[in-house]
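A quick write-up on the structure given underneath.
In this document, chain identifiers A, B, C, D and E correspond to the written order of the chains, with residue numbering beginning at 1 in each.
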Amino acid sequence: DDSGDQAGGGSGKTPKIGVILPDSSSSVRWESADRRFLKEAFDAAGVQSDIQNAQGDKNAFQTIADQMITNGVTVLMIVNLDSGTGKAVLDKAKSQGVATIDYDRLTLGGSAQYYVSFDNVAVGKLQGEGLVKCLTDAKVEKPAIAYLNGSPTDNNATLFKEGYDSVLKPKFDSGEYTKAADDSVPDWDNTQAATIFEQQLTKTGGKIDGVLSANDGLGNAAISVLKKNNLNGKVPVTGQDADPQALQNILAGDQCMTVYKAVKKEADAAAELAIALAKGERKETGQTVRDPEGNRDVPAVLLTPAAIYKENVKDVIADGYVTKEQVCTGDYAKLCTDAGIS
Amino acid sequence: MSANPLLELRGIDKSFGPVQVLRDVAFAAYPGEVTALVGDNGAGKSTLVKCISGIYPVDAGEFIFDGRPVTINSPRDAASLGIEVVYQDLALCDNLDIVQNMFLGREKRNGLVLDEPTMEQMAAETLAGLSVRTVKSLRQHVSSLSGGQRQTVAIAKAVLWNSKLVILDEPTAALGVAQTAQVLELVRRLADNGLAVVLISHNMNDVFAVSDRIAALYLGQMVAQVKTTEITHAQVVELITAGRSGELGLAADPGVNGNGAAPADSTAGGVS
Amino acid sequence: MSANPLLELRGIDKSFGPVQVLRDVAFAAYPGEVTALVGDNGAGKSTLVKCISGIYPVDAGEFIFDGRPVTINSPRDAASLGIEVVYQDLALCDNLDIVQNMFLGREKRNGLVLDEPTMEQMAAETLAGLSVRTVKSLRQHVSSLSGGQRQTVAIAKAVLWNSKLVILDEPTAALGVAQTAQVLELVRRLADNGLAVVLISHNMNDVFAVSDRIAALYLGQMVAQVKTTEITHAQVVELITAGRSGELGLAADPGVNGNGAAPADSTAGGVS
Amino acid sequence: MSITAVTKEGPAAVAPAPTVGSHVRDYWQRVRGGDIGALPAVAGLLVLCTIFSIMRPSFLTAGNFANLFTQGAAVTLIAMGLVFVLLLGEIDLSAGFASGVCAAVLANLVTVLGYPWYVAVLAALLTGMVIGTTLGFLVAKVGIPSFVVTLAGFLAFQGVVLLLMKEGRNISVREPVVVAIVNRNMPVALGWTLAAIAVAGFAVVQLLRYRSRAARNLINDPFPVVLGRIAALALVLGLAVYVLNLERSLNTLITSLKGVPIVVPIVAVLLVVLTFVLQRTSYGRHIYAVGGNREAARRAGINVDRIRISAFMICSTMAAVGGIVAASRANSVDPNTGGSNVLLYAVGAAVIGGTSLFGGKGRILDAVLGGAVVAVIDNGMGLMGYSSGVKYVVTGVVLLLAASVDALSRRRASATGNR
Amino acid sequence: MSITAVTKEGPAAVAPAPTVGSHVRDYWQRVRGGDIGALPAVAGLLVLCTIFSIMRPSFLTAGNFANLFTQGAAVTLIAMGLVFVLLLGEIDLSAGFASGVCAAVLANLVTVLGYPWYVAVLAALLTGMVIGTTLGFLVAKVGIPSFVVTLAGFLAFQGVVLLLMKEGRNISVREPVVVAIVNRNMPVALGWTLAAIAVAGFAVVQLLRYRSRAARNLINDPFPVVLGRIAALALVLGLAVYVLNLERSLNTLITSLKGVPIVVPIVAVLLVVLTFVLQRTSYGRHIYAVGGNREAARRAGINVDRIRISAFMICSTMAAVGGIVAASRANSVDPNTGGSNVLLYAVGAAVIGGTSLFGGKGRILDAVLGGAVVAVIDNGMGLMGYSSGVKYVVTGVVLLLAASVDALSRRRASATGNR
């Protein structure tokens, strides 16, 4: 029904796609990867685009949406900050005849035509499994785990936690593992993360055998504290996003694993759908996701994240997500060679 | 005049941290009389006034107002007893205009709304009675007034109200010749209307011109409170600068014999 | 005395927004002489002083200092010419102590480090010379000083320095009898040492006691600048309150005949 | 005695009764003297609008004009409350998250517990009042500096929002009345009617005042100036309502979109009411007095503590109003409501409008004008399509430019001794 | 003339030369009178520490003591710079992100471009100076209120960090010297040596001062009091160094960890240097004067503009130092460095310590004590294991409690007319 309203494309309006990214603090990916890949895809297709970042500010998020609609975008692609604002934006766009896509985060009760994402719970699951693998490799008996969760105000952080809890909670319950600490890091702030982790260490008298940190920035904060106590490499740390910094940490053995989300694939898939919508076409995705709040099945493209360990760091580089120059600087050149990165 | 003082203080002590500023001060102000409070710079006159008006809490001592013991904890208490004060450090709100300052805390109202025309008119009349001729507009912020104009506004503010006791702390310090005369006349008129007036001044001519009694503070101690007719100009100056004059004032130092000659000499240069 | 003025002003105009405060004012201060600047409240005396010291920029007019035309854009400029001012609104830093205020902007130093003992000693000596006896400690913040003590600190601050011109805007307003005498003596001594001194005061006794010349401002206009010996007490009061006295002052109103009787009457109440 | 004779006419007589010409001349002199009121903020606003219109023609559409109001409303409302606290020389860092707490209360009541909207709105406002009273008590009676008290509030309320949100989930607000506040418009006719009523009311007040002053022979603005003022208001209001009543749907086939957004009269009424409180009641007078010279106010017998507590109460209550508007705009409340830049923008709005952080100087209109500047910058920058980094930098620079218009025009003020 | 005779002894003679007894009595009187200096902040700190130690014994370990220093260092350093700006009655909202910009410059130079650490550190400090000078110029010369200027800076620098971070990447800092600042410790012997030197230096300064005042017959503290002061410093420093020199490795099998963290002497030296500047140079005197009464300072011939610009310069330079420390601690710089709560915590630290937002009152030591309060709260709360929401609320409440110790003890001050 919505796509039929896409008179905008047909009535000679030049297609123009607006993208609103959420922030630059929860993960470095938004500004460094998504923006670039989306822009490349749109430019390649020859459609105009306007990509902006709400910097975690809901009010700014809505203002940007208003402005994009004012500016005459025909397709709006959003990564919502929360479902409420997301829904307000999507509804407003719909009322103005603008097609919409949920990118990376599903807006519950929303009205987007498509949903393109990684499965955030799956990301958490990979982190949980990764930590178990590293602890098993290190043969730690009855390991004590510390959680460094993402921002308490970020719904995604809740989803990640749901994922790793599904792996680790049974182990806590069975007494195989113990949970040493469980703290959220406000604003995904790395500086605060360092303090929080330091206090976890102090509180437990240093008895932390594994750190489940929700992304690479938090992981690096934990590693910096471990380094200060000369414990780096002895306590596995997880991550997410496959930052160059995290890849270096993994190569050096300070970090156990990270979760790589092939943002380029996600961006390309989303761009393809958006371009189609802008031209007034409707593509089949073959997959749907249930929106429990809106009671509808949203056509979706779901991509699978990958766990990265020392062995497969090279895959990320081969993918072009980060370059060899970014990772294999200075001392890391030799580690790169050892890890088979050419 | 009435034999019962309107306000009587007994045994007032006041210290700021380690510095004792007032010691066992007794003071009385009589209705229908002008009591001049004199003393050297730093003697404690302004501090005494601020204790009376509730700005400073006293460390010890009693207040008796109209025959009843009272406690004054804030300027509100003092105002509700009918005490009006012109402070030496005028305490005007620089960001308000003349009318607003004059009616501050006691605005005229029409229901909820401020009655600006009435206030403006009353302010204009009061200021006219104080010989103020150079004020350009009553809606001028007091920050743009000259020193004398500010002082006049502060005086006008205090005399606008029906009060029982008016205390003026060096009210004529910044005033011109005509304005000073006007204020002294006003002081006399207030007393003649039955109010108790306390006037602080360093100008002995003014003190002798209008006062009925003179109270002298010396280093925080009240050394004398006498009828103006019973004391001379030179004696007051002696009390101010040396704390005693003949019979009056502090008991003579044991070490020095009590003839007032030396202190009298010492202030010769001080009498202009 | 010297025939050449140290400071001469010509045609000074100054307005605050729509209000013109000084009109075509001419003024001269001579070395070795005390020039008294008199005028009613709001006449513009303090404004003129602030124009001289560079606090207010003038709208029009020339400054001639020591025979050379100068421009004074800030108090720094004035200070570097050797002009020291005691302002009516004293302008002390309440959060600093007495010594710190007295040496503000011209601290004594030992290399980089402030030389506190020297400053404290100099301050103590200067204050002692001004008859200040009630200050408890030189390390007291000036916010805790009495009105007269503050005034003394401001005066002491201005006379500490070797300057050529000292301007005192109502310096004795808050002072006690002894302190006033001391300041007047100081004023005379400064002039006798060859400095030019400008004294603003509403007290005619003081003006006649120490001044060599009298300059009278009336509603922003300079109505007369004459030798003190050539004018009487009553004439000065007339100039202040009416702007003219006989031959002196503003030209008579065309509508009124020029005999000075009416204005003289009008100020009768003003002379105490 | 003839002195009294000379002064009988009183100070009022010194200045002659002004004519239109002298009034205009006086105004111009005042402007040149640096005493310029709202002029610089308005000028800055015009400059900004002109630049944005030239660079992005879509800035100057009816739709964007309507967006401006809804985008700026929440910050402006919070800023209006902050003016009270700033007038006292205090600060309220917690206003942002206080609005979040109130919004969370609202959302919990209407969505989770299913109360009717008016109960929820009242509860939100009440929450604001309680918060403000508590802050005010700690500042005035306990004597902790307001910066510290409200910094503690800033932290604590952040936690309260999280707790009310059940640790990080957001709550949708679908209650139609609440959602309508920002997202629905008034009928075209109602818009015109309200505007007419406003102009008429203003005219009555102005004319009554003119008459009463004339009757007492007090200095009065010339009659034509009074008329001109009324005409100016009529013009501005009329123009705004006209533009907002234009069709602004991008696609009229789908929907029609016109009328004054409902939030506009809400802001307008609060502007009038709070301005009345500050300028025409003795309570307002006392606020200025306490802010200008607390000691003088105390000596004048003003109950300083009560004034301070009440100002914090008004501030937090206005924050609650802002929170309700924010919840309406977002159709939801999440743990970040009232967080991020809301507080700084709100204080910034008040300060840009001309309110002093040192107390004693400021008006409610300042908050609205400053809020408009902030909203225009945000709105205009959204049209430019910069990347985040560049956008931040340009926003900062534009804010600085808007403020320097003000600063430079006030420079003469300090040169002439006014401040 | 006998008046002069009476006063020849001078004011100094009014008070008799103090003895130890009278000194103690005076001090007690001053405390009772509300003039209590650092006492309340120290008291608040002790109360906090006691509570945390009782609730979580691990709070009172050598390791946690060392952590406290490294956790609080960045905020404390920024707060130390802010004191200069606050003393003038101005504010610098941009200090947090200014530290981020400087950290980003450092990271880019050492990591991306491979410059040696000293070049990078110098460049970061220089960046801070340039930023501060620009802010100061806009405030002092253009005349825009500092709140607005630094709000613009707050926005713009946020953008600059993003741009320097190549749109959001974070940059690792692995340069050993930079990393060492916060993460490495001094040898045990060096710690003792530095402490000894510090105590000796203090003793020399105190004794020289005593002698010079005694020589001029000025009022002097009694000699035993001077000695007591030296002994107190020796005791505090000795104790701190002793604890920091204890073994605090969590697992001595893996590693040994002891010694004073390198950042501690850096903070200490800056504390001494900046305190010297404020208390013992005419520049510092002028800062206080401008903050206390700008007009009086101008009339005293002080170049007010230069003072204001330089204060902003110092503030931003200290922010740069804070940024370097933050980068060292995180081993990396990300777009959030200096963001989030850093600014509020830094201003809060200064204010909690006793610095006034209205200017004219405050010391560098305030920032350090306040920074310690903030760090202790953060540190202690980290040990409690609350959920985020509860943690925020409790942090706010604890902050309030710490501040009310101060407020209540100063209450007498206002009652006696001191402020």
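Worth a mention:
Throughout what follows, contacts are C-beta pairs under 8 Å (C-beta built on N, C-alpha and C of every residue); 3 or more make two chains touch, one makes a residue touch a chain.
Heads up on the chains, UniProt names are B, C = Sugar ABC transporter ATP-binding protein; D, E = Xylose transport system permease protein XylH.
None of these values were measured; they are calculated from a predicted model.
Think of each touching pair as a link: the shortest run of links from subunit A to subunit D has 1 of them. The fewest steps needed to get from subunit A to subunit B, moving only between touching chains, is 2. Set against the Cα centre of subunit C, the chain with the most distant centre is A. Between subunit B and subunit C, the superposing rotation on Cα atoms measures out at 180°, rounded to the nearest 5. If you average the Cα atoms of subunit B and of subunit D, the two centres end up 44 Å apart. Centres computed as Cα averages put subunit A at a distance of 74 Å from subunit C. Averaged C-alpha coordinates put the centre of subunit D at 37 Å from the centre of subunit E.
Subunit D has residues 3, 6, 162, 167-168, 387-389, 391-392, 417-418 in contact with two or more other chains. Under the contact definition stated at the top, the residues of subunit A that touch 2 or more other chains are 24, 31, 35, 152, 184. In subunit C, the residues that reach two or more other chains under the touch definition are 16, 55, 132-133, 135-136, 144, 178, 182, 241, 267, 269-270. Chain contact summary for the complex, subunit A toward subunit E: residues 24-25, 28-32, 35, 152, 181-184, 186-192, 194-196, 198-203, 205-207, 217, 220-221, 223-224, 227-231, 234, 243-245, 248, 329-331.
Residues of subunit D touching subunit A in their complex: 56, 58, 61, 63-64, 67, 70-71, 74-75, 162, 167-173, 183, 249-251, 253-255, 257, 326, 329-337, 339-342, 378-379, 382-383, 385-389, 391-392.
Residue ranges on subunit B touching subunit D, taken from their complex, read 53, 55, 74-76, 79, 85, 87, 91-96, 100, 104-107, 109, 112-114, 117, 120-121, 124-125, 127-129, 131-133, 135-138, 143-144, 178, 182.
Within the complex formed with subunit B, the subunit C residues making contact are 16, 19, 39-43, 45-47, 88-89, 132-136, 144-149, 152, 170, 173-182, 184-185, 202-206, 209, 219, 237, 240-241, 267, 269-272.
Residues of subunit E that touch subunit C in their complex: 3-4, 6-12, 14-15, 212-213, 216, 218-219, 280-282, 285-286, 288-289, 291-293, 295-303, 360-361, 417-419.
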